[in-house]
Amino acid sequence: MQESLLGQGLDLMVYGMGTVFVFLAVLILVTFAMSKLVVRFFPEAPAQVKTIKSTSRKPSSAVDPRTLQVIRAAIQQHRARRSR
Amino acid sequence: MNNLYNLWQSSGIAQASSGQVLMLVICLFLLFLAIRKGFEPLLLVPIGFGGLLANIPGAGMAFSATEYAIRHGDLTLLTQMATVLQLQEWSSAQDLLAALNGASFQQLESLKTLAFSAGYNNGMLYNFYNVAIASGAAPLIIFMGVGAMTDFGPLLANPKTLFLGAAAQFGIFATVLGAVALNATGLMDFTIADAAAIGIIGGADGPTAIYVASKLAPDLLGAIAVAAYSYMALVPLIQPPIMRALTNEAERKIVMTQLRHVSKLEKIVFPISLLILVALFLPDAAPLLGMFCFGNLMRECGVVQRLSDTAQNALINITTIFLGLSVGSKLEADKFLDPKTLGILVLGIVAFGIGTAAGVIMAKLMNLVSKQKINPLIGSAGVSAVPMAARVSNKLGLEADPQNFLLMHAMGPNVAGVIGSAVAAGVMIAMVTSMAT
Amino acid sequence: MNNLYNLWQSSGIAQASSGQVLMLVICLFLLFLAIRKGFEPLLLVPIGFGGLLANIPGAGMAFSATEYAIRHGDLTLLTQMATVLQLQEWSSAQDLLAALNGASFQQLESLKTLAFSAGYNNGMLYNFYNVAIASGAAPLIIFMGVGAMTDFGPLLANPKTLFLGAAAQFGIFATVLGAVALNATGLMDFTIADAAAIGIIGGADGPTAIYVASKLAPDLLGAIAVAAYSYMALVPLIQPPIMRALTNEAERKIVMTQLRHVSKLEKIVFPISLLILVALFLPDAAPLLGMFCFGNLMRECGVVQRLSDTAQNALINITTIFLGLSVGSKLEADKFLDPKTLGILVLGIVAFGIGTAAGVIMAKLMNLVSKQKINPLIGSAGVSAVPMAARVSNKLGLEADPQNFLLMHAMGPNVAGVIGSAVAAGVMIAMVTSMAT
Amino acid sequence: MQESLLGQGLDLMVYGMGTVFVFLAVLILVTFAMSKLVVRFFPEAPAQVKTIKSTSRKPSSAVDPRTLQVIRAAIQQHRARRSR
Amino acid sequence: MNNLYNLWQSSGIAQASSGQVLMLVICLFLLFLAIRKGFEPLLLVPIGFGGLLANIPGAGMAFSATEYAIRHGDLTLLTQMATVLQLQEWSSAQDLLAALNGASFQQLESLKTLAFSAGYNNGMLYNFYNVAIASGAAPLIIFMGVGAMTDFGPLLANPKTLFLGAAAQFGIFATVLGAVALNATGLMDFTIADAAAIGIIGGADGPTAIYVASKLAPDLLGAIAVAAYSYMALVPLIQPPIMRALTNEAERKIVMTQLRHVSKLEKIVFPISLLILVALFLPDAAPLLGMFCFGNLMRECGVVQRLSDTAQNALINITTIFLGLSVGSKLEADKFLDPKTLGILVLGIVAFGIGTAAGVIMAKLMNLVSKQKINPLIGSAGVSAVPMAARVSNKLGLEADPQNFLLMHAMGPNVAGVIGSAVAAGVMIAMVTSMAT
Amino acid sequence: MQESLLGQGLDLMVYGMGTVFVFLAVLILVTFAMSKLVVRFFPEAPAQVKTIKSTSRKPSSAVDPRTLQVIRAAIQQHRARRSR
């Protein structure tokens, strides 16, 4: 530990804050570029939107399909039991 | 009769130290805040209860086998342990406990063997702490779950708000300086690692704070976690005065343009892009941001809904229970009742305040150079404290103009603040580790 | 051809001992009881199946690396191990296995290193046992889940019924004496630790029995757990004759006043009060009652529903699976097929009977001094076996008077019995540990 | 081990059973006192109930849509079973 | 200034090796396949992301403390480590890393102590790997979940189809010979353990492949797991040409008799019977088939629905997340970028092809001796790859005759293939282990 | 390692494939026998089905009251929220 505690604190402040800003600035640039590329080359055309959605909805309907599945399974079980 | 005396001796009242009684009261107060006042109950209920368990006199649930053996062992055992620790002079178990802090890895291993040989075992909370926190696993798993719950849509629609999330991290680093300054006054004795761990409270992000504290200052972890979660719950009280003081009526009435639609593909590519940036520029932040991005990718990719659901529910809940109890184990009286805790509580709230102010000021600075005006009220959301801080921005916006809904606009800096804190955490762990050697 | 011979040598038939075959039959019978007769299937299915796995000849799934190495190692390795164990004379692997019981912690560590160096590994069930039971974690997590499922309302409405839960613990301590007496006959060789672990069967509480057995008599754990769960399933057969013998028609017809409404706040404060009492008077019961109270507080506080749900479902189910398999690992032939097992089975049912009788008699004694009469049929519910014992009380009550519903009244002593057993467990662990040193 | 096994067993019985009774007796007293205090100083007045609810609700409101879904599924299950 | 230089030094760009960059690209491609092309996403998303994390330059998330210390330690530490490893001459950290492979258990323990003493820690993914895979737990838990999801009804209705599941395992053993042959060419350097681990890819069963690879060839685990899951996803492309080449139109039109009803009791008794056979004849397959049978018994016995649900959902999902990340840790550049990986990929697809062919040919052979004709298209389902391979059989059957639904008939050999692979795995682990000593 | 790698490979092939076939052949026999026995001695007669149900339901009926409780609790929560 050659430096004083104060020096270390200042170092942390300067380089830390600097890194946070530089990193997030780069992230902004990359995000802008990524969005541009995606919107340009892979636009969510209505037709495509639907196909994407049909896949992508699986998740956002989130619990839905599984719940449905569970319900269906439960109903089947139930019927099975009844018909036993 | 001997047995009756033993039973009384083993009762809590006979063994209680005043510190433990005080800690029991403090933990009951934490439970009161959590249950009655709604202070981040998901964490503070387990933490508070873990603290109660850790301070039951004589139970030693938060002690390692070594600590327990030192407190309850006979003279032969203590002498052996003192030999391992190379203590020339010692008069009481307290001397041995004090010497544990400076012991080397090999010494600790030898002591552990002695303790186990003598039939002592680790307390339950000590085991939980080791598995959940010392390994780093629990905060990272929770971060994964948080990633799986986070919608980056508002951020992707307006990436500039990342700057607000960056600015609000100023609270972290200003607090580091504050801790260093407190040290200079001679009132408290913080190392640079302590200072960094305390600063991270200003990140307003629980798992990040616990992760950093577990790496840099495990003894302060209890106080840091309690401060972080308590102040996050207090965001609706802490932030508004600062926000009002730094903005005028006209600024608070700025109406922001509606956010554009963000496509599914952008949401899938974003966590991967973020991870690649981390890989290229900031490997030290890889564990935290890596797990965060992984959780978010599971959410957005749409093909692993089972895993995403589990990460957001069963897994994060199980982890939260053990994380909370483990943090509670650090509320053990000997560790918590220290002047440093007071310093941590004071510095923590300062950190929140400075972070809030920095966010608001950054928004005003951005308005100086940018045509698309930002309502500075959303700057305060950059501290994270998701989604509390964004709701505060929204509330103050509605006060100024009942038609101006800022919630979605504030969600951008809000999640940016999570990324910013994780970046700051990575930088600090790396820098402090290299300073210490 | 050599290979073919090796394959045959490694087949189960070639390696099977008659003990293993007998244990396979016993475990199949346990599965039959669980699946066909509904004997506590949630535990007995995993325990029975774990027992099957543990007794697969040659697979060694329940062996530590050391045990496996002793059974399969070559002469060089065995000689090294004998040196570590300081055995002067030994002729077979059995001698080494026998010497393991008396080995010190350091000797066991050295043997482990030898075994791992030679390429041997712990069996899967052995690992499960270590993580789930030897650490104490699984019974405590299940106790937390049970706490989260328990409604203390009926107990709070009529706290006097705690006395019934206290009285029924007499079964535990009477059985301890019974085990000591059996030892005096010279038929079996029980230590005081064994006697205490066997007695806890009378607590009629699975996780408590497993927890105590893992601390005091790990080798008897299999038999104790099987006895505890089997007899809990047999409560509807064991209790009624005793209850009828000790009560007359008039007593069985006693109608109890309706239970008062218990407020939310009382339910929140109760687990905290209980924990504080534990902290003050009975720190030895802190792990069990602490986790129990924690689960109950999560349930009642109303602000951590996510955690409470997980504790009652995903977490307790996962833990049950591994707890069951781990208990099954103790059904390994060498450990289970011991005259002691027979003693345990006999003493266990005696414990249930005495506990039942003590509960009923206590109810009758209380009626002598109290104006508000208690139907003595609810006394038997004090053994716990939640909610089976309460249902038995209700059923016998309805037999005497078809309008007299005792279920809710019996739930009070029923949950009181859980607390009583945990208290007894704490006392016994503490006393036996101090006796042993 | 100075004592005989029988002595140890008797000790366990006496002190163990004693502790169980004393502890649960104390618990009865504390529970009575606690209930008295709660009923007296924090009665469940309709008005106060509402304020308690409003604070305790913030956190749990996060769970809202899922809870509803669960309820719906549970009700369906329940009905299915009943109609068995 | 020094700090700025340090920061740059610690950035990923400065530390990246070309291998790591290549691996990042490969892992991104895996994610693309998983997300966009639907390649077994439940496993390949975590594996691909784990691979990204493992290859972040400088982060060392997949390194043990020892590996990390060797890469970042100072000269003093490296000299100490070289002494432990008894290296006379060494010039760089690479020499030490190379020496790790041949180190004994005690040497590795000493190195670990040195690394921890110097303040280094295991990377997160390394810890995950140890807990989830090296212990053998995760593949077994997943196998339990698969058992709980498997309906043996179709197999019980037509047990002969077990022969198809047996024949398809020919792919495994043919590939072992292929690997041995590749070794003979001098192009690659496979041991018999490597060959066996590669062959198991032909079992078309993910957890079995991971389990075997973790026991026999941990360094190849990454490539083997990736190959196994990728080819399982490619089953609809790999199998049809082979199936068409080996059958004529008439054979493809064979209509099979409807499957008889299978009673509940048969389904309960089957997993127990299977386990008893394993116990008698094949103890080496006990871990895999034991957990599989346990899962299936929980499903069918009907009295532990809670446990069965958890095994099929929360538990298997949690395990999958950590298993995937752990496998990803083996995609670390130094281990994955090896000529062997290419050999594994080639041999893996050959294994699938041979297994498919063997299944179809076996079906035709059976038709020569049996009266009840089997449509040979269901033979290919014997490779397992549940339920993909059965669906392929069904699809080709419908192409030949739009009224001929083969799905349920193909489920029999499909689940038989799972049993067959587990048997093959057990045999290979036992034989290879005895060969190695 | 006395044998050559090729020899080891062939051994694995022969004994491995042999074991797989023999084991699964035995499994076929056992399964046939088991099914015969079950169908013969424990047929799924309607009458017996009912007795099975009554035992097998006991456990599932164990979940019943809890499910009910959950539903009740959920409904109360839901109502409480709505009445906000």
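Worth a mention:
In order of appearance the chains are A, B, C, D, E and F, and numbering begins at 1 in each one.
Note that contacts are C-beta pairs under 8 Å (C-beta built on N, C-alpha and C of every residue); 3 or more make two chains touch, one makes a residue touch a chain.
Because the structure is predicted, anything quoted here is derived from the model rather than measured.
Counting the residue numbers that touch the partner chain, chain B and chain E have less than half of them in common. Of all the chains, the one whose CA centre sits at the greatest distance from that of chain E is D. Chain centres computed from CA atoms place C at the largest separation from chain A. Centre-to-centre separation of chain C and chain F, using mean CA positions: 26 Å. Distance between chain centres (mean CA atoms), chain C to chain E: 38 Å. Taking the mean of the C-alpha atoms as each chain's centre, chain B and chain D sit 30 Å apart. Shown for chain B are the residues that touch two or more other chains, namely 3, 7, 35, 38, 41-42, 281-282, 301-303, 306, 309, 314, 427, 431. Multi-chain contact residues of chain F (touching two or more other chains): 11, 15, 19, 44, 52, 56, 59, 77. Within the complex, the chain C residues that touch chain B are 104-106, 109, 135-137, 140, 144, 268, 272, 275-276, 278-284, 286-287, 290, 293-294, 297-298, 301-304, 306-307, 309-311, 314-315, 427, 430-431, 434, 437. On the side of chain B, the complex with chain A involves touching residues 155-156, 159-160, 162-163, 165-166, 169-170, 172-174, 176-177, 179-180, 183-184, 191-192, 195-196, 262-266, 269-270, 273-274, 277, 281-282, 299-303, 305-306, 308-309, 416, 419-420, 423-424, 427-428, 431-432, 435-436. Considering their complex, residues 3, 6-7, 10-13, 15-16, 24, 28, 31, 34-35, 38, 41-42, 45-46, 49, 52-53, 55-59, 61, 113, 116-117, 119, 124, 127, 313-314, 317-318, 320-321, 325 of chain E touch chain B. Residues of chain A touching chain B in their complex: 1, 3, 5-6, 8-13, 15-17, 19-21, 23-28, 30-32, 34-35, 38-39, 42-44, 52-53, 55-56, 58-60, 62-63, 65-66.
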